[in-house]
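Labels run A, B, C and D following the written order; every chain starts at residue 1.
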Amino acid sequence: RQQLFQFVLQLADTSLILGHRLSEWCGHGPILEQDLAMANIALDLLGETRSLYQYAAQLEGQGRTEDDLAYLRSATEYRNPLLVEQPNGDFADTVVRQFLFDNFHYHFLKQLLTNADERLAAIAEKSLKEATYHLKWSSEWIIRLGDGTDESRRRVEKSITELWRFSGELTTPTALEKSLQAMGLIPEYEDVQASMTAHAERVLTEATLAIPQQIFMLTGGKDGRHTEHLGYILTELQYMQRTFPGLTW
Amino acid sequence: RQQLFQFVLQLADTSLILGHRLSEWCGHGPILEQDLAMANIALDLLGETRSLYQYAAQLEGQGRTEDDLAYLRSATEYRNPLLVEQPNGDFADTVVRQFLFDNFHYHFLKQLLTNADERLAAIAEKSLKEATYHLKWSSEWIIRLGDGTDESRRRVEKSITELWRFSGELTTPTALEKSLQAMGLIPEYEDVQASMTAHAERVLTEATLAIPQQIFMLTGGKDGRHTEHLGYILTELQYMQRTFPGLTW
Amino acid sequence: MENPTQHLTPEEQFQARIDADVRIEPKDWMPDAYRKTLIRQISQHAHSELVGMLPEGNWITRAPSLKRKSILLSKVQDEAGHGLYLYSAAETLGTTRDQMLADLHSGKAKYSSIFNYPTLSWADMGCVGWLVDGAAILNQVPLCRTSYGPYARAMVRVCKEESFHQRQGFEIMQTLCEGAESQKAMAQEALNRWWWPTLMMFGPKDEDSPNTAQSMNWRIKRFTNDELRQKFVDMMVPQAEFLGLTVPDEKVQWNEARQAYDYGEVNWDEFWAVVKGNGLCNRDRLGARVKAHEEGAWVREAAMAHAAKRAERELVAA
Amino acid sequence: MENPTQHLTPEEQFQARIDADVRIEPKDWMPDAYRKTLIRQISQHAHSELVGMLPEGNWITRAPSLKRKSILLSKVQDEAGHGLYLYSAAETLGTTRDQMLADLHSGKAKYSSIFNYPTLSWADMGCVGWLVDGAAILNQVPLCRTSYGPYARAMVRVCKEESFHQRQGFEIMQTLCEGAESQKAMAQEALNRWWWPTLMMFGPKDEDSPNTAQSMNWRIKRFTNDELRQKFVDMMVPQAEFLGLTVPDEKVQWNEARQAYDYGEVNWDEFWAVVKGNGLCNRDRLGARVKAHEEGAWVREAAMAHAAKRAERELVAA
């Protein structure tokens, strides 16, 4: 139960941080329609975040609320993988970050549907519908940018070089995840990874892009060892709750 | 006394916010020597800030400390003029912002030397030495950039266009300042403005730059009506104190 | 039988349709001045939605709870949607979104001056919803019956969502006013900053608004600026009282004879300064839009290039 | 009388001076390998000061008190100063700062791997001062007696300031450890992250460090990596105990026979990964430096162009 709490928290942190990053685009996107699309994905992720924190709070049973979990934990207590805290960069960086995450998110949620934990399975079912659309969106943009102009190709290649090294963490189980896998509570990541690789190959091929090989994968976020970017996200995210603790908004 | 407290607070907020902005350059300057110079100016301003807050705390007599005043007031309670909260932009923006401030700061402190309030005069005396160097630094850079390359000239002209409109607030007295001026506690700004104009003309002429004419001057900061930039400064500046109130560091 | 309108000029026929409250549609004949006025008005409205995303967007990353964060993001997203409907409505008059955006970026086209005021505290999210959207609704509800069909239909959708936003804004204010002292102070401070700028949203006084008569004649405007401003004051003063807040205007008081609230004089110097580009945020707002547009150019080009490649491949395959 | 060294080759004369602890100065003859090794070592050290500004610079805007903010900014400023002395010392060997920076930016030149670890909490400012500067001092104090004069003199200044910084770092840790539970937890968490990376600062094990013998012979290195690492552990373990913190190594215990602390094996895979560019921050650190350099190019050009114009004017006036 404590382990499941930790894991649900990790999933919630992940959706929150990525949703937060996407929400930074709001009003600054390259095309109004894409402002809408990114806000939409951010809203879906925020919705998933809230369901997960609510469930985590219940698992913990200490009376903490969703907002306590989101707003009153430090950077080293956050458990999101490094990928989702990386800066928005240009639109290509955002698209590649989203693609790497969506590809995991979609295939992971799919496996979670039949999860032994019913509440988690129920959250997964709702989120999977959304994640299906997210993966479609980011895959199509990878293809557009890869098979677009020389500049878009150059940019998306650069983003892939920069961000691919954060993709391995998604399916590299931590001690916590291994323990939950051993108990059969969460899926084995080999299966998820296989589906991800197949999808990535299909999309990158259509985008006329090469799949990066022999990338040294960075890990640590799921164990609370983050890049310096997370701290700045939290100063903004948490400022109001830190300044006015315990109030209702 | 309450009015003097408010005014000293305004001066402290001003030095703090500008020092904070300059400190953002640390490690990212265009030349190592200029990294040092900007850190130096930031340190001087922080030193002045601390003297001023300490004095303000004493004037207020409510037991608040320098850190309480800096870290536990909201954006709308801050009283710095708009100029100093403007973003660093490129090096030309920083130099122009600094020049506009230094030109005021130096001539204002000079008038403050003979101030009726001894403590304020003493702080001014120490700060004036530093401000003399600051004004020299920023004036020289205005000249270098104005009379440097085509690019540097184009950039510094753009910065002047962007930032000059914030200079008027420095010598536009607020109700508080008018009241203190009427009591003879702070200098009349006409005299300060005259010295500033003379210096600016000398420097811009040497820089082969034109003095902007007929600029609509923006005000509000000294009355707590800021631009949106200040809020973000405070989320970073105050994060630790807001998160861990009342602790010693 | 003789058609009673057949001896009328096109202008007279057009005005007759307007007077009979028959909608003008894109393919109908219309006077050039009507077309131009509408393009200006609709695009200005669209630009206001676009620029209006920024002051609220400023607080998305700092919203004080996950629920408020979702609601705010969703609201700003709705504004992007309104922008889309309105650009489409304007395009039916023969302009393009690119052209309209170019006019916005060059400063030729305007957007609502209210968005040149900064959002400095969370309570501003309340005031923007409650007051700014409240004023916008008063301006816009009559436009649901405006004479130009696509505009009227866009406004129906916009107004429906706006009134939802306004309720959310009021709810933010209410939560603050029922909360801690610090929250109530935040609410009052925000009201002090937003009250006068929202009164300015209805435009100059009627005597300084020379185009009102023509616009009312064309039924693209249905009330005068001062009429709407009075309505707004009459609506908002009791709401402020309900919240326990004080409107920052000493002259506000009920006038039994007029059955309306008297109120003080707007600072028209400030109004014109902001209109002319000298508000606190004019440069930052326009700068943010221009930056987004310029930095997005390569994305738009890539999308078009890819679409063209794909179309060509499909043609070859067919 | 015959000069006893006159029959020696230049190499032999050079080594004789070194062995006699006579300083080598810029104009003295020296072997190419000595010159190259020194340029590599000094510039690597200079780059470390430059890049080392970033992890601490990361907390200047978030320092928890005005006093700490000043101390931290002042410290990072000192590092910029150290960079300047060291670049100057390296330039006496016939290279230029531009060339050294180009090598840094291309990845050809290295900097201390420790700066590829992120600073995630305020306690990291304590650990960087206490542990990282502590390790640096152990590495650097012997260099005050290094054979190359300009380097040795630069190191005297650097070491003086470093030991001041180290005390400040320890003081941060002490304040945290004497503070609230949350502060003590922050201190322990930071120690957990920084302990092993600082042990790596002394370089690979002696058996994997083939250049040590030559460097010691030239007296540009005076202790082996493992000797220094042992010294560090012996110094820091009691300090951690004093603070009430636990070093994250179960194998740490006093060895009465060796009169030293035993300690566990460093994760050399991690060490080599970070050296090869695969640390958490390698890209961000180098990226930040390259960005600063590229964005500063126009400033440097302007300064030079202005200086040239001025020189010309003075020449004409003369």
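Quick note on the criterion: contacts are C-beta pairs under 8 Å (C-beta built on N, C-alpha and C of every residue); 3 or more make two chains touch, one makes a residue touch a chain.
Each chain and its UniProt protein: C, D = Ring-1,2-phenylacetyl-CoA epoxidase subunit PaaA.
Here the structure is a predicted model, which is why all the values come from computation and not from measurement.
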Under the touch definition above, the chains in contact with both subunit A and subunit C are B
When the contacting C-beta pairs are counted for B-C and for B-D, which pair yields the higher total?
B-D
For subunit B versus subunit D, what separation do you get between their C-alpha means, in angstrom?
35
Suppose each chain is reduced to the average of its Cα coordinates; what separation in Å results between subunit A and subunit B?
42
Taking each chain's centre as the mean of its CA atoms, subunit C sits from subunit D at a distance in Å of 58
Quick check on subunit D: which residues sit in contact with 2+ other chains?
62
Could you check subunit A for residues that touch two or more other chains and list them?
74, 235-236, 239
So how do the chains connect up here, line, ring, star, complete, or something else (other)?
other
Touching chain combinations (by label order)
A-B, A-C, A-D, B-C, B-D
Going by the contact rule set out above, which residues of subunit D touch subunit A in the complex?
55, 58, 62, 118-121, 186, 189, 193, 273, 276, 278, 280-281, 283-284
Name, in rising order, each residue of subunit B that touches subunit D in their complex.
16, 20, 23-24, 26-36, 39-40, 42-43, 46-47, 49-50, 53, 66-67, 70-71, 90-91, 143-145, 147-149, 151-152, 155, 233, 236-237, 239-241, 244, 247-249
Across the complex, what residues on subunit A touch subunit D?
74-76, 82, 162, 165, 216, 218, 220, 225-228, 230-231, 235
Contact residues on subunit A for subunit B in the complex?
74, 232, 234-236, 238-239, 242-243
Hey, which residues of subunit D end up touching subunit B in the complex?
50, 53-54, 57, 60-70, 73-74, 76-77, 80-81, 83-84, 87, 122, 172, 175-176, 179-180, 182-183, 288, 291-292, 295-303, 305-306, 309
